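Below are two complexes that have chain A in common, paired first with chain B and then with chain C.
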Partner chain A sequence: MTIDQLQAAAANNLWAAITPEITLGVLALLLLVLEMLLPKARHVVIPTCAIAGQLGILAALAFNFTATPYLDRDTFNGLLHHSRDGQYLRAFFLVSSILVSILGVVALAKQKMPRVEFFHIVLVVTAAMMLLAQSANFVLLFVALETITVGFYILVSYTRSNPLSLEAGLKYLVLGALSSAILLFGIVLLYGVAGNPNSLGSTASPMSYAGVRQFLEANPGNFLASVGIVFVLAGIAFKIGAVPFQIWIPDVYQGAPTPVTAFLAVASKAAGFAVLISLLPVFHSYAGLVTVVLSIMAGATILFGNLAALTQHNVKRLLGLSGISHAGYLLMGVVAAQTVPQAVGAIYFYLFAYLLASFAVFAVMTHVAGENDAEQDLDHYTDFAKKHPYLAGVLAVGLGSLAGIPPLAGFMGKLMVFIAAFKAGLYPLLAIAIVGVVLSIYYYFGWIKAAFFSTWRPPLASGETEPAEIAATPIGFSAGLALGVLAAGSVVFGFFQGPIAAWLLAR
Partner chain B sequence: MSPLPLAALSGPFAVTLNAYLYLAAVLFAIGFFGVLLRKNTLVIYMCLELMLVASTVALVAFSRYNGVLDGDVFVFFILTVAAAEVAVGLAIIVALFRRRQTVQVEELNALKN
Partner chain C sequence: MPDLLLLSIFAPLAAALLLLVPAPLAVRKFIAGVGFVIPALIALYLWSQFNPTGGASYHFVSRYDTGLKDTLGITLYLGLNGIALPLFVLAGVVGLAAGLYAIQSKAERLPLYLGLLLIMQAGLMGVFASMDVFFFYFFHELALIPTFIMVGVWGGRDRGYAAMKLTIYLTLGAMLSLIGLIAIYQQSGAETFDLLALRQEVAHGSLAAGNQKTIFGLLMVGFGILVSLFPFHTWAPLGYGAAPSSAAMLHAGVLKKFGLYGLIQIALPLLPEGVGHWVGWLALLAVGGNVLYIGFVTIAQRDLKQMIGYSSVMHMGYAFLGIAAYNTTGLGGVVLMMVAHGLSVALLFLLSTSVYHRTQTFDMDDMGGLAQKAPVLAAFFVTATMASIGLPGLANFWGELAIFVGAWKFSAAYTTLAVSGVIISAVYGLRSVARVFFGPVTPAFAKVSAEKAPTDLAWGEKVPALLLLVALLAIGFWPKSLSTPVDTAITATFRK
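On to the complex of A and B.
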């Protein structure tokens, strides 16, 4: 390598392009410093600092949203590619981490647990997600994905006094590491075949998306490359919880602290879809293989998620399994995105509606949860509407949006994805998806019914005591505001998708 | 950069790229089925590491035979990530053992509907 090449490489490291991620990392470190400097009585301000800092970063990002000079450019020698979608996903992950922080304040108040590390890890994981969404290189993809996964191992087992949380952490650890290893092996195979100097279309940079894409276009039907693609898709399917890699979801969702469950359900899933969408153009010359694999996964995922959720009584497991079915609808959108470009916008809008609705439901659950976070049954919601009308209203809006009841935002998200699938001609998948939606109404409304209508219960046998009443935590200012904004957002974006949908669908 | 001529890459007793790939595939399969079939969490953990090592072997072999250095650099990233994973993973296993006095997977079934 000559000195000129080194200079060109160094000039390409535009650190200003990743200012939001760097600021998040600095903020995360700042929280740890504050913990050392402040007296113990003042530690309550640290979560406030975390939330305020993230709001500041979000504001700066929104201000620079289209004005950033790095749009449609590669930086760091092709490690990162900055695009509109990347900007959108940055904002998406920031919003979800702000909401997780707010929920974290509510949930951690019930536990005798160190507070600061939780926010620290949430911020680091968010920064890694933002980098992952803009990655254009398999090395960065793997490192960012592992940063997220290792962070989640800690977050899932965060309440370490609770054996259920630890068990969930262990299950996530084993299956997460397994999926990472599968993904890594797929990357290695792609790297190996693409870099072979004796084959047609070999590339000098076999770790970059562009290099692999160039090789795959020159060699359709290469066996090792096909195996590599299937392994990479399987590794990602694990992260989004698609069948047959969904096995960890109910247990981990149940055992994890509720804010972490929300983070897993929304941000981690969105990160998986971001990777999948950014890899679609790379694999487009193997579209036949990708379509077969993803279509089978999507159909099985929709059916499994909805059927398994029908019999659930634990609300965290119920949301986990219904989340699997949402991943199925989104996977259908990904299949459609190979031929219909608007499907990508539809997926992003769906994820946005899913964020609003899921966080509304999880925020209510965080308030209802007792000290043992893992035991949250439908029975706890008896007479909920009478005792806590505000929380019950938000819950109803959130669940209705998840079920896809018009005129809520969840309905519009589903409609856009279904229209994209229709345009792509995926009729069998569409039929399965519509059956799935009908099934899902049953369990979502079972929950709403438990919260709003009193049900007959058998009289207590002698010696049996009334099940312990669970009192919801009083709603604080920021949590109350967040609940209101989420519910209002679900309603408003149902009636009026406005510039967001237009901007997302224009491509 | 072109592949370096080396005695090991040519000659009657040359070790071919395929030999390394078969080794990597076998190691990967042992690790994968170990994770699925073994009952002790620590053994499962070793199998997970074995899968990462399998990828590393394939990576180094590809790198050597293709004459591209990206793979060798990637190995350091993989080692670092694996170390971080082990640090967190063993901490979780130890904390769980303190609460439950077992690391056998069939006894860790408290999470259910």
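On to the complex of A and C.
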């Protein structure tokens, strides 16, 4: 390699293109520095710094949203591809990390755990998610994905005095490592066949999406490539919690601290879908295979998630299982996206509505949680509406939106995905989805019922005392504001989707 | 001129939002009252402005983009034609009556209760004002959700179970109809939810007959569940039995008509070739199931509110028969009957709650002789029952008559059976009047009235009841005011 080539390569490293990610990383380091410099009594400002910094990055991102000069360009020699979807996902992940930070402040106040590291890891994971969404190369895909996963290993077992949290961390570690291995195996298979100089249409860059795509187009029906594709899809299916890679979800969701559960449920899932969508054009010449694999997964995921959630009483497990069913609806959208471009926009809108609704529900749960936030049952919500009308209102809106009830945003997301699936002619999947939606009403509504309807309780036998009630944490300013914004957002975007939907769906 | 249709939807919503602001109860009651009065006034005003012979086309049209116009073909498209107008007026009038009745009631957490009713009212006005199929569905759901909550929180016996059953059944029905509507959107190739554009597209024959058959089947079952078509009716008596009176009035009186309205305004004109395949089944279920079977079930009821719930299921059988007849007379009759039944069933639910407040029970075996203590209540109740049976001079008569005339051309046998259903109505209607108001005072009722002497109807109850009764009589004596726009619209829509 001559010096000229190196220079040319270096000139392609447009660091300015990933300013948001770099700033996040710097902010993360800054938090650690602050921890060292500030006296312990002042440590309370660190979370505020984290949130303020993220808000600043979000503002800058919004300001440069379409003005950025890197739109539709490759940087870092094709490692990254910047697109409007990438911009949207950057904002999406930033918003979720801000919300996770706000919830983190509330949740950590109930624990005797170190505070600063939590925010540090959240920021790093977010930066990795943003890179993942814009990745155009399998190496970067894997590195970013591992950064996210390793970060989550720590976050999931963050409350290390709680055995359930540790158990969750261990489960996530073992199964996460397994899925990473599967994904890596798939990538290697693709790399091997695409880079083999003896094979037809071999490519000089078998790690880049474009190279693999070229090879696959030249070799339809290559067995090894097919196996590779299935393995890659399986690896991603683990991240989004699709059947048959969903077994970890209930335990991990239950054991993890509630803000982390929210982060897993929303951002990690969205990251999986972002990767899946960016891989669709790569695997385009194997669309038949991808359709079969993803359709079976989608159908099984919708049914499993909804059926398993029916009998749940622990609300964190319930949300985990219902989250599986949401992954199923989204997978149906991904299948449709192979033939209907609008489906991608539908998925992104769905994810946006899901973010608003899920964080609303998780925020309420964070406030309700006691010291041990893994144990939270529907029974804890008895007479909730009378005692905490504000939280109950937000909870109802969030659950309604998750259930896909008009006039809330979740319904619009479902509608868009269903229309896309209809256009793609996925009738059997649609039928399953309908069954799923009706089933889901039962458990979402059951929760609302527990919170709002006064239920009859057997009179106390002699010697029995009233079950210990969990007093919800008083609502702080930023958390209260976030709750209000989330609930209002679900309502407003249900009525008026406005420019966001128009922008997402126009393709 | 401001967009009155939009105002009729947003005024109740705005009132519901205002109720969130802490204020003295009297102020909140006043705000809620305004929220109910505005849509009713708008409905009556638009009725007076409506040119009866111009029912075929849409009036007062306006259109707004909510962000999905270019991508999904969804716009907030408002307007009234001759079929929508009567139901829009119905929604306004019954909404006002239900609202006034709720305001004077002593429900717990009254502001929340009124707020939910107002949201329901907004949805109802929206359903019948929408010319966009999507928003037609959307507003229906907007009105449906508060129903679930009201049944669950303020309901009577078995409210938890009733609310859950109601929710699951109605969600299933709504989802099936949604899929049917998306199917029309997609299969017709129109890629728009605009009803007029869809009609034009379908007029060119863009929907294959086979598709029409499937889609009509979906819509028939989906809408059928929402209108309590036999055998998907079991949610109705249970739900109405448990629902607080104002919610039952609005749901049974107005919201339930959504399914029938959808069949007449959307399914029949858009899927003409799908109808023929299903009318046989529809008529069988309607007459054999709703009218006869449920008719006999109604006779056997002891619970007053459940009996009214069952009778409302039974009367839906007539409406389905009129739709199965699929001719202008029958369909016109269905629209008239929807209005008449909406008024009469709302009145009956209102009065039955008033009866309950005096007898402390819904069990008719424990009642008797209430007429001596509350003659005005008795008079109202007798009139409402007569309307429900279909006595001439009251609105229901004209609707049922037109349905029978229309259905005769379709099938004389079914019509004969359906007409005999009127006798069934008379049996349970008159029997209930006799058991509640006349005859000797039962020991149970004597005990209740000894504790607290029952009074006659108070003004707070009289005003909403009078409102409904006057409407029933007005249409009964002057049916032309509604039937002309309906007929012109139906003739134009179903001209072959």
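The rule is short, and it goes like this: the second predicted complex is superposed on the first by the 503 of 507 C-alpha atoms of A that agree within 3 Å, B and C clash if a C-alpha of one lies under 4 Å from a C-alpha of the other, contacts with A are read in each partner's own complex, and residues count from 1 in each chain.
What we mean here is this: contacts are C-beta pairs under 8 Å (C-beta built on N, C-alpha and C of every residue); 3 or more make two chains touch, one makes a residue touch a chain.
Since the model is a prediction, treat every value here as computed from it, not as a measurement.
When the two structures are aligned on the shared chain, A:407 is found in touch with chain C, with no touch to chain B. Contacts of A:163 after superposition on the shared chain: chain B is touched, whereas chain C is not. Put chain B and chain C next to each other and count what each touches on chain A; the higher total goes to B. Contact with chain C, but none with chain B, is seen for A:434 once the two complexes are overlaid on the shared chain. Within the superposed three-chain model, A:76 lies out of touch with both chain B and chain C [touch as defined at top].
Once the two complexes are laid over each other on the shared chain, residue contacts for A:196 go to chain B alone; chain C is not touched.
When both complexes are overlaid on chain A, the residue A:65 reaches neither chain B nor chain C. By the touch criterion defined above, A:311 lies against chain B but remains apart from chain C after alignment on the C-alpha atoms of chain A. In the superposition on chain A, contact of A:390 is made with neither chain B nor chain C.
The contact sets of chain A with chain B and with chain C never meet.
The part of chain C that touches chain A in the complex is made up of residues 66-72, 134, 137-138, 141-142, 145, 148-149, 152-153, 159-160, 163-164, 167-168, 171-172, 175-176, 178-179, 182-183, 185-186. Against chain B, the residues of chain A that register as touching in their complex are 139, 142-143, 146, 150, 153-154, 157, 160, 163-164, 166-171, 173-174, 177-178, 180-182, 184-185, 187-189, 191-192, 195-197, 202, 204-207, 250-251, 254-255, 311-314, 317, 374. Interface residues of chain B facing chain A in the complex, by the touch rule stated above, are 2-3, 21, 28, 31-32, 35, 41, 44-45, 48, 51-52, 54-55, 58-59, 61-63, 65-68, 70-71, 73-74, 77-78, 81, 84-85, 88-89, 92-93, 95-96, 99-100, 108, 110-113. The touching residues of chain A, when paired with chain C in their complex, are 342, 345, 400, 405-407, 411, 415-416, 418-419, 422-423, 430, 434, 437-438, 441-442, 445-446, 448-449, 452-455, 495-502, 505-506.
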